[in-house]
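Two complexes, one shared chain (chain A), two partners (chain B, chain C).
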Partner chain A sequence: MNKEQQETQAYFIPDTIQLTSFTTREFESKQGKLILKSPTLSGKDIQFITDTIKANQKNYLDRLQTTEVIDIVDAAVQKWLDPDYHLRKFAEKWLPVITGYDAEMIRLELKRFLRTFRKQELLRFLVEEFDDPAVLDDFRPRKKGGLSKAYGPNLILHFFSGNVPGLPVWNLVMGLLIKSGQLGKTSSSEPLMPVLFAKSLEEVNPELAKTLAVLPWKGGEEQLEQPAIKAAEAVVAYGSSDSVENIRKRVPAHKRFLSYGHKISFAMVGQEALTVDRYRASIHRVAEDVSVYDQQGCVSPQIIYVEQGGSVSPREFAQLLAKEMDHYNHKKPRGPLLENEALAIQSFRSQYEFQMESSVYGHPADTSWTVVYHSEPGFEPSPLNRAVHVFSCTHLEQVYPKLTAFCQYLQTVGVAVRPNRLFKLSEDLGKAGVSRVCSVGKMAQAPAGWHHDGEFNLLNLIRWTDIETSAERHAEHYDEDSE
Partner chain B sequence: MRQQTKQMIEQLISFIIYRRSTDKDFQDLALSLFSYQFEYNLPYKKYCQKRRKTPLTVQHWQEIPALPIQAFKELPLTCESTTEPESVFLTSGTTNVEKRGQNIHPTLAVWDVSMMTAFKQFVLPDQQTATIYVLSPAEDLNQQSSLSRYLTNAVKHFGTEDSRFFFKEEGLEMAALTAALKEKESKREPVLLMGASSAYVHFIDYCMERDLTFHLPEGSRIFDTGGFKGQSRELTREEMYESFARVFDVDPNNFINMYGMTELSSQIYEVTAQSPRFEKVNPDWVKTLVLDPDTLRPVKAGEIGVLAHYDLANWNSCMAVLTEDIGYETENGFVLLGRVEGSEARGCSIAVDELMKANGK
Partner chain C sequence: MDLKGKIALVTGASRGIGAEIAKAFGEEGAFVIVNYLQNEEKAETVVDHIKNQGGESIALQADVTDEKSVQDLVAKVVDSFGAIDVVVNNALPSYTFNPKTRKAAWAMKWEDYQKQIEGSIGGAFHVCKAVMPYMKEQNSGRIINLLTNLIDLPLVPYHDYTTAKAGLLGYSRNLAADLGPFGITVNCVAPGLTYPTDSSMETKEDVREEIARLTPMGKVASPEDITGSVLFFASDWASFVTGQCIRVDGGLVMK
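Right after this comes the complex of A and B.
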């Protein structure tokens, strides 16, 4: 068979800039070879690129109306919703090779994800955070008098995450909505998708694309990060507590700094979701949550609390979940693991196999899925890559005391409970530190306007200018035409 | 002790002592030991049955399921139920002090024979005795440590009368060790230094602070073992060897590294004079498999994987032990790449270590 070889840029810069020195990274698969070309950067390059972006932001992006920006983003997203769009086909072909995720899973999830950036979702996203989104374009009157306008940073520096393909698109769109120039540093585990999305924006509107740069470099490279941080008005960082802290240290206190550290999510299945007619669907949803993107997202559950009293017991739930994860694995196999990742799962299994209170259900031949059942509730992380705890509990409420030590890390909770329990449960989970309660089966699909890690997204990047009533009134004095 | 156990022990001892080791001999004895352990070690039997491995289905020693070291932490693994075992060795409990692995030895007869036979082969192939200076605790100070038993045995069976332990209840007596080494240096008498790697690091630091170096007489040897386990600063093997050469002025051909585990009853050696550097060599009654971490099946020769040791001397707990060490097979043995560190999660999901810190574990 004739193997195909494709070369593509693993970076995106305003097209007026020429870079001269490059390195390549190769990925091989059955379908051929992909060569990713990356620039060898210097501090001077970063300075020049950020200066250019800032100039373009000032001269072009800043002068657009927010609705115009939304139309541009929507047009780019519409391209991605066409299965024959050349960049989508490219992404669907090569992202599985780069990330190791199953191709079908990427195809499905990418489509789902991009749909959350269509015009109506973007408008909703804006209204979510601004009562009057026009404050991004003009001074707008305030209810108690005076006027206010919101300004986005002239340049946002992103440290993108690399775990879930496409996630950086969310960051780029967020930056565009507040009309910021943007420089994104990609992760080596997923360097492609933000570049492709920038290219689509360029196809729709070349001028707007000149306010974007997406570059790969090794995290911590001081000679590149120092000028990048200096140039930026705001810094947004993803990563472990250590790597986020490492960036935070270098960002001067007067600059905006947003960070999204590592989190842990779990699911709670009430007995009402385990009746004879419902338990299958519940297990199916949970298996989906655990398996999608091989549990690499912080929204993926590592723990399932299962309430006793349903038509299947928590132990049976664990066994059936294992079976369901096996089905999922047949359809969408888990990606290949590094040695230490596989060993972490082996070690996870061995740790519980010999304890009386727990049982291990795992794929007999390899580590592709693992469910560990515990007869008493607890709170233990999993080694990920489709390995999950099932804790039996007499009541879901039994779980709260187990959460106290982990307040700062808690994020999404997928629930399957009846309406009159939902509010009380959410109230208690909120107190415990949880920032998102959603249905089981939907844990991986956070809507575009969510309070990411419990915070505002756009508002945290914005600065405001107020015109107070006194200035308005005082200005009247100088109006010669006034009577 | 049941008759069958006594026979098993006799067989093992003669296998070790006579070192008549064709692959077939190993195979036969391994399979019969597997049958024995399958019959009398119930948790292990359950473990094997779950994997559909029984003495009827296992045709080759490589198919014998290797028991993960975690099992030694969770369960008493023993074929011969005895209320008064001669020794119970405990792991250091580096990761979790509450849960230490244990290896129960109803008798140390096989353990001792294994230790001494291999010690002779790898550490003192060319002489009967040596002056041994020991930097780590002897058995009387630490009854639960297999290393202490090992060191005490070495001195008892291979040490000359002037052999000494320099680790006392208060710790390592650096000044006394210095004086003793200086004396050997001036008398031009070789010495065999033995101890845990971390003990050497403390002594090396002590010497460097004082600008102290030795020129140990020709024929001197340096034996170290084990990792650092957070007990001292950590050195790579290269740095360790470089420090040995600098502080003791001993030729690298006289460095010996021993790889041992509480969960086993034999030791594995790295002897620079006998095989390429960093290559670990098994005695005849121990075989090591390199397994694919994902499937736990043997990898292709030379590929990296997780190590499983098949130690015939480990007759009472379990002959086949699955470690958390990674390495690769070489011509005469294997190269150890170290214990697998918890990996930084690729994603935004929190890594286990980070969460454990939050929980104060």
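Right after this comes the complex of A and C.
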């Protein structure tokens, strides 16, 4: 096979700015070599870039109607939905090499993910948070009198996540909808996708793209982050609890700060989903949830609670889940692990191997999948990379007391229960701190407009200006033509 | 083929086809449990044969039509050897294959069928039921059930025997459907007339010659002809084959 060498920029800046000094990172695969070119940045560069973005935001983006922004984003997303689009092909070729994820999995999930940013989804997303999205364009009347307008930050500084490819696209789109200039710092584990998406926006509308910059630097570099934080009106940070905390400390109190730190998700399978005609589908769905993106997303379940009384017992559920995860691994093999990650799975297995109340089902030759069965409910995170706990419970309701200590970490719960249990269950899960209840099999596919970690997305970034009724009325006094 | 270290249970293995299957597993390196009902001496002969060939084997008595007896047998196997990888349901209720003395359809009694169903399907059922929890736990297992090609071509209509074996085929396919997700395969081997065995002793020369004449391969099966297909289903080569039935009859039945 012909080995090819490709070089690409691992950054995106307004095209009026020239950077002069670069470093490279190389990735080798069977298909060839990818050279990622990154700028060597100084604090001054950051300042210049943010100044430029803010000016462009003021002179261009801020003057667009929200519907115009939506059309531009939609046009860029439509490009990505074409399998022959050159940047999509580039991403499908190199993201697996950069991230280690299975190519087929990336192809499928990226496509699914980008579909959530088409025009109709973006409109829905806006309506989800604003009764009248036109408040982003103009002062709009309020029911109780007066008028209000919403302003997005002139510059958002993002600290992008790197665990799931493409996730930063969501942040960029969110910023665009509220007409903010944006600077995104990429994670070294996935530095490519936000750059490619910015390029697509540039193809559609070069002026809009001048309000964006995507840059890689090592997290914590004070001389770059200090001017970036200073320039930004809002900061959005993804990462481990430590790195998020580290950023929070440096953001002045008057600036908006949104953070998405460490979360734990789990699934609950009721006995009604384990009837003899349903259990295989239920197990298939759970295996998808556990396996997709090698369990790296915060929405991936680390624990499955399985209710007794179905036609398969929780233990049989664990056995079948193991086999189903094996099948998934044949289709979409797990990515390679670092030594410490593999060791974590091995010690996870050995921790439970000889306990009476637990059983370990794992790939006999490697760590590619592991299911640990427990005869009593508990709550324990897994070492990820397709390792999961299955806890047997007599009733799903037995689980709540186990959750209390983890309230702040709980996020998504995938459920398979009958309708008349769903509300009660969700009510109790909500009380326990859970922010999202979805079907098993859909845990990895959060819809546009979800309350990410239980919060609004756009509303938390914008600020409001109200024109009160008194001002309206009072203004009438000064109408020279007034009778 | 490598069956080294595999724990294989062959029911009704003191004589005939069962004994040959047990020996074949022994030769391929499996640890063979030679199950028998009455004939301890013959079972021990099979065990000795395997050991003399450098293999490992043990004879264990159990009546496959007795649920408790089978459960004890399987528990003993797993307790002693830590696993059960392959089960060959070969045992059948005593039956004499004599074309001259067989019962015609109008002479059959319901009890005749019941006895064969109890023995053929019931025996396999008890064994399968007993090994299932262990095989599920291992996330792997091979079940191989012995049938007859008479279910396709009743050259000599042994009504009760053949009907029960046909039922066993249905049982096996349904079992395959439910056990597949656990990584357990269930397959069948359907021999043609196999001679010499104790059961087929009374099938005389004329019938054997007639069958040989109709058979593309030109002869009736001998017990060692049957073993290859059984080993195949137990091997990694058949890891993705389940719910199938191979006729081992020299091409007499083609399906």
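Criterion: the second predicted complex is superposed on the first by the 483 of 483 C-alpha atoms of A that agree within 3 Å, B and C clash if a C-alpha of one lies under 4 Å from a C-alpha of the other, contacts with A are read in each partner's own complex, and residues count from 1 in each chain.
To be clear about the criterion, a residue touches a chain if its C-beta (ideal position, glycine included) is under 8 Å from a C-beta of that chain, and two chains touch if they have at least 3 such contacts.
The structure displayed is predicted, hence computed values, not measured ones.
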{"item": "First, second, both or neither for A:351, with chain B first and chain C second", "value": "first"}
{"item": "Contacts of A:253 with chain B and chain C, given as first, second, both or neither", "value": "neither"}
{"item": "Of chain C and chain B, partner touching more chain A residues", "value": "B"}
{"item": "Contacts of A:324 with chain B and chain C, given as first, second, both or neither", "value": "second"}
{"item": "First (chain B), second (chain C), both or neither touched by A:280", "value": "second"}
{"item": "Contacts of A:384 with chain B and chain C, given as first, second, both or neither", "value": "first"}
{"item": "Overlapping contact positions on chain A, where the chain C interface meets the chain B interface", "value": "none"}
{"item": "Complex contacts: residues of chain A adjacent to chain C", "value": "280, 283, 316, 319-320, 322-324, 326, 359, 361"}
{"item": "Footprint of chain B on chain A - complex, ascending", "value": "161-164, 189, 238-241, 260-265, 293, 295-298, 300, 302, 337-344, 346-347, 349-351, 353-355, 364-367, 381-384, 405-406, 408-409"}
{"item": "Complex contacts: residues of chain B adjacent to chain A", "value": "43, 47, 51, 68-71, 73-75, 292-296, 304-306, 322, 324, 326, 340-352, 354-356, 358-360"}
{"item": "Footprint of chain A on chain C - complex, ascending", "value": "136-137, 139, 181-183"}
